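Two complexes are shown next, each including subunit A; its partner changes from subunit B in the first to subunit C in the second.
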Partner chain A sequence: MLNITRRQFLSYVGAAGGSSALLKTSLALGMMPEDSYSGPVTIKPADPGNKPTALILGAGIAGLATALELEKAGYHVTMLEASFRAGGRNLTVRNGDKIDEMGNPQICQFDKQDNLFFNCGPARIPGHHRRILHYCKALNVPLQVKANSSKLAYFHDEKSLGGKPKRIIEYHTDVRGLMSELLWKSADANQFDQLLSEEDVAKLMKFSQAYGDLTENGKYIGSGRAGSTTDRMLEHPTPHAPIELKAMLDSSFWYGGLLGAEVYDWCEPLMEPIGGMDSVVKAFLRNLQTKPVLNAQVKKIFNSDQGVEVTYEQGGKLHSVKADYCFNNIPAYFMAGIENNFSATYQAGLNSIKRGHLFKIAYQMKERFWENDGIYGGISYTSEPVSQLWYPSHDIHAQKGIMLGAYVWNPKFTTMFENMSPEERLKAGAISGEKIHPGYSKYIENGISIPWARMNHQMGCGMRMSAEDFETYYHMLQKPEGRHFMIGDQISHHSGWQEGALASSEQALEQLNKLLGAKIIQGGAAHVS
Partner chain B sequence: MLVRTLAILFVFGIGSFTTHAKYTSTPEGLEYCTVCHGSQLKGNQNIGAPRLSDLSAWYVERQLKNFKQGIRGAHPEDKTGIEMMRMVLGLSAKQITEIADWVAQTSSDKPVSSLVGDANKGQQLYQSCAACHGANGEGNKTLGAPKLSGLNDWYIATQLNHFRLGLRGAQGSDLYGQQMKAASAVITSEQDAADLAVYVQQLK
Partner chain C sequence: MLNITRRQFLSYVGAAGGSSALLKTSLALGMMPEDSYSGPVTIKPADPGNKPTALILGAGIAGLATALELEKAGYHVTMLEASFRAGGRNLTVRNGDKIDEMGNPQICQFDKQDNLFFNCGPARIPGHHRRILHYCKALNVPLQVKANSSKLAYFHDEKSLGGKPKRIIEYHTDVRGLMSELLWKSADANQFDQLLSEEDVAKLMKFSQAYGDLTENGKYIGSGRAGSTTDRMLEHPTPHAPIELKAMLDSSFWYGGLLGAEVYDWCEPLMEPIGGMDSVVKAFLRNLQTKPVLNAQVKKIFNSDQGVEVTYEQGGKLHSVKADYCFNNIPAYFMAGIENNFSATYQAGLNSIKRGHLFKIAYQMKERFWENDGIYGGISYTSEPVSQLWYPSHDIHAQKGIMLGAYVWNPKFTTMFENMSPEERLKAGAISGEKIHPGYSKYIENGISIPWARMNHQMGCGMRMSAEDFETYYHMLQKPEGRHFMIGDQISHHSGWQEGALASSEQALEQLNKLLGAKIIQGGAAHVS
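Then we have the complex of A and B:
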């Protein structure tokens, strides 16, 4: 007997699809408000005769957006960037570009062609990331659809089906069929009597039949929905033999693979800027009055009631800058190495943000062999260390293409790759790729890798706080200490996404407005608790 | 590589910001070091990068060579050691000497304590260390024993545990490391290591 209340239903959906699925369902049931984003924060305009000054530390996405909004409000902005380039983790490399890895600097060897680039950091934008989409629109960054999933790509689990890769569409169709068969059986065995009328049970059986492509008597015997072993144009289709229920359950890898394109942040269609994600950075730079000061490494931050003074080193020389406000985009775990006069609690909060580890490889392939296999964009998922293979959906049928040969978050494998030399990584990635695409290695012309936790001035991606630290420090870090504001995806629930960075910037600017309001009321020194 | 020592006094507004009068500028190309080890190599526990300010040049040089030769940082469980090893692999002998000279010229405030331990127990344990490292942790070049005063307590504890567990000093070619591994046999637990580190940090 199954008796499901609406609340239980939501918790089942949540368990199956994660909290994002829960959110969507709740929206459909009218339990939560719709996203009400209506553009960036309007900062209280500055007095043109007495321009306030702002210092931005770090020219990543949060820093660039904060600078742009402050300039719009009439602030005089100085932006300091430790690296030789602006953009932070928004990095696209092409022929001749440098990946400034600590100890292993690499130069990109791709052919000199516009379509041969590698988005080392962010690479896709879903339709509900309204903030980044706002800037793409407002700053004229042309976008195109990026296929983030291809049902013709593969699932591959070394421990399942004899390690043979399986087309995602075949797996999805079989899983639906097998699950529908179970549902049909349960309905047939009167499991839903308490919940549904006899008529509705009949409808449920009909639904499961349609959903899973079952036979008249509720059996799943494979489905033409997953293609055919014969030429479908000229012959009667013959479905692939379905996988067994037991085999499906035996591979825990598949469970995660199932969600590959089902999570809210990956819901289709996604987008990418034409020609590379760094178009976003270039657009910000085009629209900023003041360009970032590059190779400027912050050494000291002195925070006072009157403002913030920052000392930085550039080419062996120290410079000092004073400003009314400071927006700090530096990875928080570096702050303990930078002299400062923050309160012990604020510093403890900064220390609670830990380095994340993301690793990617990109290969230049001399032929777009995946297209000959029916794959036009999307991702194959594998239990191999490389974890994912991404196929470009731009420049279809060009001669060559850049394939993402590894996309790794699993700590066991990120550690493995980080400890290898760049050459060893490319070899290991090629060996993994062979398991999914026999003959993979012979297409590789060159490659480049990026372990974000080893990148100069970054040393991490996708920063994390423990649940406990989050509780203790997150809201504190969202607020300024004096006139010093922390920003960046690290100060968001969405680390590792540009949208998280922009949300943190927006949040900080709202705090600035609050502080300005407080200042006006008190008519004296600014203070926000 | 030009190593310049600049004497710069920072005039800040009203406030009690303590800052060092002596600032040694970072030689070109060595900004990498300060990314993890911090301003004036003051150390950063978040990265597992110890304070290096004012360490003896001879010791820094020896350790950099050890990293380069895989004597140090090669153990798969020594995560930060591996990170450091990767940084050093590409350095020439000349660069190593220059880095060591620069490190010796840096200065920063003595580190604050980060560990809880029993300094009295640590003092007892330290008696056997003092023979080489000196009663005040000042070090002894003749014996190859580095200065301990000014090191972070968390770093001292980590290294003691590394010696104890064979992550450091286990290789035959690591002469001083092997000596230290033998000498540190008095440390038999993480608590011992913490107690000793807490005591050493108190030394002037």
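Then we have the complex of A and C:
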């Protein structure tokens, strides 16, 4: 749009002190990393006069996406879902919704308000999860930034720093300061003279100073980067007293590299669909011609040269359905209980996938007390069984809010919570919360909990294979057996994420394309090795 | 709400492996830092039969807040504003709005859409700016999270790493890795045996490993924390090749401690009013009985024992207005040109406040190309004159977006941009943008620029005092001279932030309370020392 002449360009480069030679090199280099994602797999279009049929088992994210892509290619799709609802672990509950826990069904008691919801499963999307972002964009799921990290939230460990919660920003700043001080000392003592020139050692000392906010003599004495103990709007700031090096080393927070902020899937900014993660499910359903057959529990899968036949139970009766292809999203550890004629190796592969355990509590809080403490989203980390507290970052300054009062994957604690009644869990979570936020319990109006390993039709989440089983079976399971394709995050390298589920669907459809490319007559048998 | 018995409490503490003794200690400690902010100053209520009068000069944030608090206390307020609009540097432009630059008036050409706006002044609010957050809550200004930092955005320096833009997450991860490796080496070489026990040195090595994601032998070889060069959804991740230690030391990014992420005012999560920062101004105006008198330029301020008399020009005519108190929000460097009878010391104090320079460009982009690159908000940093590129984090996946194409405070570059025509600035900014995002120019539909030091009625922003002048004058200027109070971010320790402006208002009103507490008859003379 802007008409930049070469002369203007060069005179500007000159004014900016840049080198046009350097610049030309840079422009010629093609500096940006290649973007490897170019949208979903395009399936070879079906013959409209002889539509192939596909069966999708399980209306989770992988099943929904597979169905959508197959319909786009002209397939006739049937989707069977064991639960009373579609979405799988993409589950958002609001007032009146059911958490279908085995033996402990719970009804959500939140007030009937749009902003009071609980994402029981996936709750955040990073900018590099291109597949889920593609579907959010293509299917018009409105997104907003979700604060996954708040530097004003807390670290808390009963056994560290006297059991006092510590603002993440203070701990983070002190750790940088203390380690920079050590580095400065080492550089000053010529520790690196074998490795670096004198000039570079001097740079290293300058680096340490900048990185850790050290004094001119290389001392860390606290830093304004973590704020001030006095009113910095009116007076010179006074940094907090830093923790001792020994106390830092004795603390637990640095295990895992200062936790959340460094995990690639949690790299800021994260996003969430406005109004709840199940907007993704609703968007798929809106765009599918096929609605899932609900309450349909698969009992038998029979693979043949002509296609796949599935028997399912619905309303106490058995039904049978045949299709040219079957995409199976059922948790693999259920397959041992479903009659099938798969090869022994394929069965062994399915059996190698193990259930994961994850537990969450959500509380309706009558006041957003965390906002009065400067916390507008993010996560506090604690050694308490609840492990994490999440503060909502949407609907800022509303009266009430839904807080995640527990996010637990430590097996010791998931087992403890799984063995409790829903009522006991809420009480236990409240006791934990009190240690980070005194007075926590008095804000709780009601709550609901979800132990994923006790959920009907799921019985787990975040599936795992042993390293050995992975070597033996993982790539086999990525390929179809006959016309039966396994899908779901379980068939990805990234279980527990919608992006993994979509990647599994993508690679299954690539396999389908291969099958079709093998030029075997549609409707006939094929095996891709 | 939850009825937790002592027995349940203790049994839970047992199950969690905690110590009840420790717990009791923690609860008794009152672990949370004191919250020192308890809302605005309550001014001594006025006698309704004999309302005191107040004059506010300048309808910027400090003026608006002062007016609101005075009205709440029953004062009769008159507000004079030199510009055609209220808000001061809180300025959001949309289609058709004017940027009132001296000699270069510009009209915003953005499409007429709610999501296409440009916050020319303040644009973000951290969770610890309690004063501005108080007003947002009290005056119903809806907020959303603003991604101020994106790890997928870029660092770019012509002179570092071959001039190639580098994803922030890669650079950040490599720096942690490389410095942790050095620390590990030093610990391994007993560099710290005077300082730490053998056990603590072992912990330090473990710490280095966790912090930098080192191998078991203390080597940094790249890290999955910065993603993978292969599809990590389907295969084992392959970390990027780390930069060399020497290249890291030669690079410029670590000056200032890896820039933005460590500045306390930019600590995540930041927030922004939905639809533009000027929602704050609109909210004040909605809640004020007094509307500002616009286009009213102050010519004379006369302080007397009975009050303050101000002469202003409007529509070519001079007007005079008297009040019991005057709160003066006019940039102090204009005061030398306004006739007054202040003491020589007070005048010298006002003269000690110097103009700051800041420059911004905003472009309307016909596509949100950054989202295709995984960037959903945050800032890229560059050695180019434009200094920073900001990506909007609101209205994700919309067709178009307003990008900040320059955010400049380096005097070398602000001067350069100030001396250009608006058209030249847009072209120069486009050339810079190309170096970070090849193809950048072709997305630009139109743009607008703001050099704050050339704005009518402002002529600067982010005022500064020398350290010496600060010692001499700052605390004097926080106190009234007679019944004349200086306000504005210029009379705070934190100029350039709305929070500083509000702090100045707060302390002026505290001074007013002192004056009133001196039990001098209202309407009579007073001097607070």
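Criterion: the second predicted complex is superposed on the first by the 483 of 529 C-alpha atoms of A that agree within 3 Å, B and C clash if a C-alpha of one lies under 4 Å from a C-alpha of the other, contacts with A are read in each partner's own complex, and residues count from 1 in each chain.
Here is the rule we use: contacts are C-beta pairs under 8 Å (C-beta built on N, C-alpha and C of every residue); 3 or more make two chains touch, one makes a residue touch a chain.
None of these values were measured; they are calculated from a predicted model.
Legend: residue contacts after superposition of the two complexes on their common chain; A:309 is shown touching subunit B, with no touch to subunit C. Within the superposed three-chain model, A:227 lies in touch with subunit C and out of touch with subunit B [touch as defined at top]. In the superposition on chain A, contact is made by A:338 with subunit B only, not with subunit C.
By the touch criterion defined above, A:196 lies against subunit C but remains apart from subunit B after alignment on the C-alpha atoms of chain A.
Legend: residue contacts after superposition of the two complexes on their common chain; A:145 is shown touching subunit C, with no touch to subunit B.
Once the two complexes are laid over each other on the shared chain, residue contacts for A:241 go to neither subunit B nor subunit C. With both complexes superposed, C is the one of subunit B and subunit C in contact with more subunit A residues. When the two structures are aligned on the shared chain, A:165 is found in touch with subunit C, with no touch to subunit B. Shared contact residues of subunit A, touching subunit B in one structure and subunit C in the other, are absent.
The touching residues of subunit B, counted against subunit A in their complex, run 2, 4, 6, 8, 10, 12-17, 19, 23, 25-28, 31-32, 34-40, 42-47, 49, 76, 79, 82-83, 86-90, 108. Taken together, the subunit A residues at the contact with subunit B in this complex read 82, 102-104, 295, 297, 299-300, 302, 304, 306, 309, 311, 313, 315-318, 320, 333-334, 336-339, 341, 351, 354-355, 415, 418-419, 454, 456-457, 459.
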